[in-house]
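Two complexes are shown next, each including chain A; its partner changes from chain B in the first to chain C in the second.
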Partner chain A sequence: MNFLTLLARNLWNGPSTEAFPFGPAVTPKRFRGKIAFDAPSCEGCKICERVCPAGAIRFTKTADGLGFSCWHDTCVFCGNCEFYCPTKSVHQTTDWHLSHTQAEKYSMVESGLIPNQVCVECGATALDTAPSVAAVKPPMSAEEVADLRGRCPKCRAKFLKARRAKS
Partner chain B sequence: MNIISDLKKVATKSPWLYRINGGSCNGCDVELATTACIPRYDVERLGCQYCGSPRHADIVLITGPLTAHVKDAVLRLWEEIPEPKVTVAVGVCPISGGIFRESYAVCAPIDQYLPVDVNIPGCPPRPQAIIEGIAKAIEIWREKL
Partner chain C sequence: MTDVTHTTTAETYTIPVGPLHVALEEPMYFKIDVRGETIANVDINAGHVHRGIEYLTTKRTIYQNVILTERICSLCSNSHPETFAMAAEQIAGLEVPERALYLRVIAGEIKRIASNLFNIAILAHLVGYETLFMHVMEVREVAQDIKESVFGNRMDLGAVCIGGVRYDLDDETTAYLSGALDKLVPEIDEIIATYRTNGSILGRTRGIGILKREDALACGVVGPVARASGIDYDVRMVAPYAAYDRLPMVVHTLTDGDVWSRAMIRLAEARTAIELIRACLRDLPGGPTHLHDRPDIPRGQAVAKCEAPRGELIYYLKTNDNPEPERVKWRVPTFMNWDALRYMLADQKIADIAIIVNSIDPCVSCTER
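Showing the complex of A and B:
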């Protein structure tokens, strides 16, 4: 009688085929898909470029700042960049709609730019990266982080040294 | 001429797939088998069917980074597929070489030897992504026919 219950269940549940491409497809929440880059939260440490096994992530110095690019056609979606990124500004999305025609091959790039800024203290031109404050003790307030962000690396170091001396 | 146009109309309903393994790690091949054989994905809904001979094929799926060892065999097989054909590169290896990109034993990317029409990146691409790519390939194939 087993087959009868199976038959009844099949009739009740309907087909097990997913509707895709005629309907939406189910994607797991933690699916490792396309890489996304959030430039404002990047610290500019370039660890993602170093750990990328496929060489998909590249940083290039331009006149405007530091350019980030990730070519999805050579990315193997291993998640190393997200794992090592201290601020998770490089992260994986659940987007997997990557198939494309040959004409679009070299435009499958996620790009971002960390712009240059002028240091509020010394006036030198430096990258507007997010300050790395995770290990600073006592923890910094949002105003202090914003203040630190406007400075160049040397002035940031001075700022932190003065802060340590104060506390 | 009428018969030929009628035949074309019939043929567009069922493009046959042919799979070439160009030195792949079998990850993409497993996903291709999954796409075809598991009822959950079922690529045959699009009228596609895997065929055993390259001479019957309309859409050719190439996986793997085209190792130096199989390069000639893959190119010979590809030549055997009748025109019009649509070439689909499955996985990052045939598209760019992926993690094997600088190896001495690998001839990737394949678009320097064959005209590729559709790329499906992923390591491996998930079955739905392959179905999406095959749907694109079918569109191109209909235009070519």
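Showing the complex of A and C:
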């Protein structure tokens, strides 16, 4: 190896290191960073909680509905939650900025709430989760999904059974 | 640690080497008896970073363990979950999709390039050739960028899941990957030429830390350490897994068994890894990348093995009716390789200890988990 050539090349190309924090740090599109949760598209299956190896994801039942929390201090950014999530309502962003002050240590949490709703059919209180319709045949229209969404799990099952009988 | 000299006769001294920072920043403690500058006897003391991960695996579900095993060690972080998944798939009788097998090879070989170049760089650092160290690390950065761009993380790829792989290659990432490989090839070729001819490297590595073939067989060494001592053994060849039986696999062997031979084997394997990835990209079949949902892993036991960058990695998995495995046990390549250090260090100079220890590419975090 000719180190003089290498020296010339390195002088020409400039430093290999990134100028961060004085310049932008290159972040690839597929970078596995902080978790983001989208409550409206969540089916409430809780698979992310079960596959999370660090126990960072927790669902808690509250008076208002079902609460989601992902503690970024505990998260190992493996992406198992996103991989197994049927709707990708849990997904990893490319945001890797995790430095924080001591005072913020309990606020490095991504949280969300799946609210309660009153079933349009029977009037029972149930979670306003996205209905699981990926496997339903024939595929459901957006109006049908919205209609289904307003019901409780029991009425949803009834709705789907009636739809199957019709088709 | 504190007994710098326990026998202060005129001829022999006992010196401690380690436990911190022998070659890499991993704890390994050698109690070395020296006569003058020459090593007379070596006592290896291990167990400084035992973290109880084998126990922990029995407290996590099989699907969580794929991630946990990936975090045993950073440099072989793809081999652990891959072998664990192979064992689980064997128990459940799952057939991994063809495309996933090729993608597993790609992930494994990218890790091999980065791991081997890292060891080669550290060798230059220990020789005292810092310019070469910085250059090899810069070349390795290309492999690191591949990992970050294709898999999303510089060390833990998260490539493997039970029943396939978690990532896929689209046109954009394939183009990026082959472009990065084209950039690596001339650089690695040049590094090989440098290690073959440079006086500083040759002077410190040729004829140093020799492991004879019969000693290598007696210690049961694996990986580049075995292949540098003339043992033609590579799991990818003798018991092909993933898609290795359909790829142009080459096993490199040398006969001298010195530090230099082990370094050259690693460089040659990094070069072969590029050819394997190119062959995978060329032959990559279509189809799904993983089985749907989370297949149930029934009661059973299985043994699986793969060729990690450091050599043969064996996993034993025993499951019962719980979601957590009953027992997970793994045997890592460094376990046998560091035993061979006794032979390599015999009658060597004190100044060469770090170079010889680094030449087995010890992975203490795998071994002590």
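The working rule: the second predicted complex is superposed on the first by the 160 of 167 C-alpha atoms of A that agree within 3 Å, B and C clash if a C-alpha of one lies under 4 Å from a C-alpha of the other, contacts with A are read in each partner's own complex, and residues count from 1 in each chain.
As a convention for this text, contacts are C-beta pairs under 8 Å (C-beta built on N, C-alpha and C of every residue); 3 or more make two chains touch, one makes a residue touch a chain.
Everything numeric here is computed off the predicted structure, so don't read it as measured data.
Colleague: Let me test your reading of the model: by the given contact rule, A:Phe83 touches which partner, first (chain B), second (chain C), both or neither?
Modeller: Touch status of A:Phe83: second partner only.
Colleague: In the superposed arrangement, does A:His100 touch chain B (first), chain C (second), both or neither?
Modeller: So A:His100 only meets chain B here.
Colleague: For A:Met108, is the partner it touches chain B (first), chain C (second), both, or none of the two (neither)?
Modeller: A:Met108: touches chain B, not chain C.
Colleague: Quick check for you: in the superposed arrangement, does A:Arg30 touch first (chain B), second (chain C), both or neither?
Modeller: second
Colleague: Quick one: classify A:Val133 as touching chain B (first), chain C (second), both or neither.
Modeller: In the superposition, A:Val133 touches no partner, neither chain B nor chain C.
Colleague: Looking at the overlay, what does A:Arg50 touch: chain B (first), chain C (second), both, or neither?
Modeller: second
Colleague: According to the stated criteria, A:Phe20 is in contact with first (chain B), second (chain C), both, or neither; which is it?
Modeller: First partner only.
Colleague: Between chain B and chain C, whom does A:Cys75 touch in the aligned arrangement: first, second, both, or neither?
Modeller: Only chain B; A:Cys75 stays clear of chain C.
Colleague: Check the contacts made with chain A and report whether chain B or chain C touches more of its residues.
Modeller: Larger number of chain A residues touched: B.
Colleague: Considering only the contact definition stated at the top, list the common interface residues of chain A for chain B and chain C.
Modeller: 16, 53, 76-78
Colleague: Which positions of chain C touch chain A when the two form their complex?
Modeller: Where chain C meets chain A, its residues are 60-61, 63-68, 70-71, 131-132, 135, 138, 141, 145, 148-153, 156, 158, 161, 166-167, 173, 190-191, 193-194, 198, 294.
Colleague: State the interface residues of chain A toward chain C in the complex, per the touch definition above.
Modeller: 1, 3, 6, 16, 28-32, 50-53, 76-80, 83-84, 92
Colleague: Going by the contact rule set out above, which residues of chain B touch chain A in the complex?
Modeller: Spelled out, the residues of chain B in touch with chain A are 39-42, 45-46, 92, 95-99, 101, 111, 115-123, 125-126, 128-133, 135-136, 140.
Colleague: Contact residues on chain A for chain B in the complex?
Modeller: Against chain B, the touching part of chain A is residues 15-18, 20-21, 25, 53-55, 71-78, 96-102, 105, 108.
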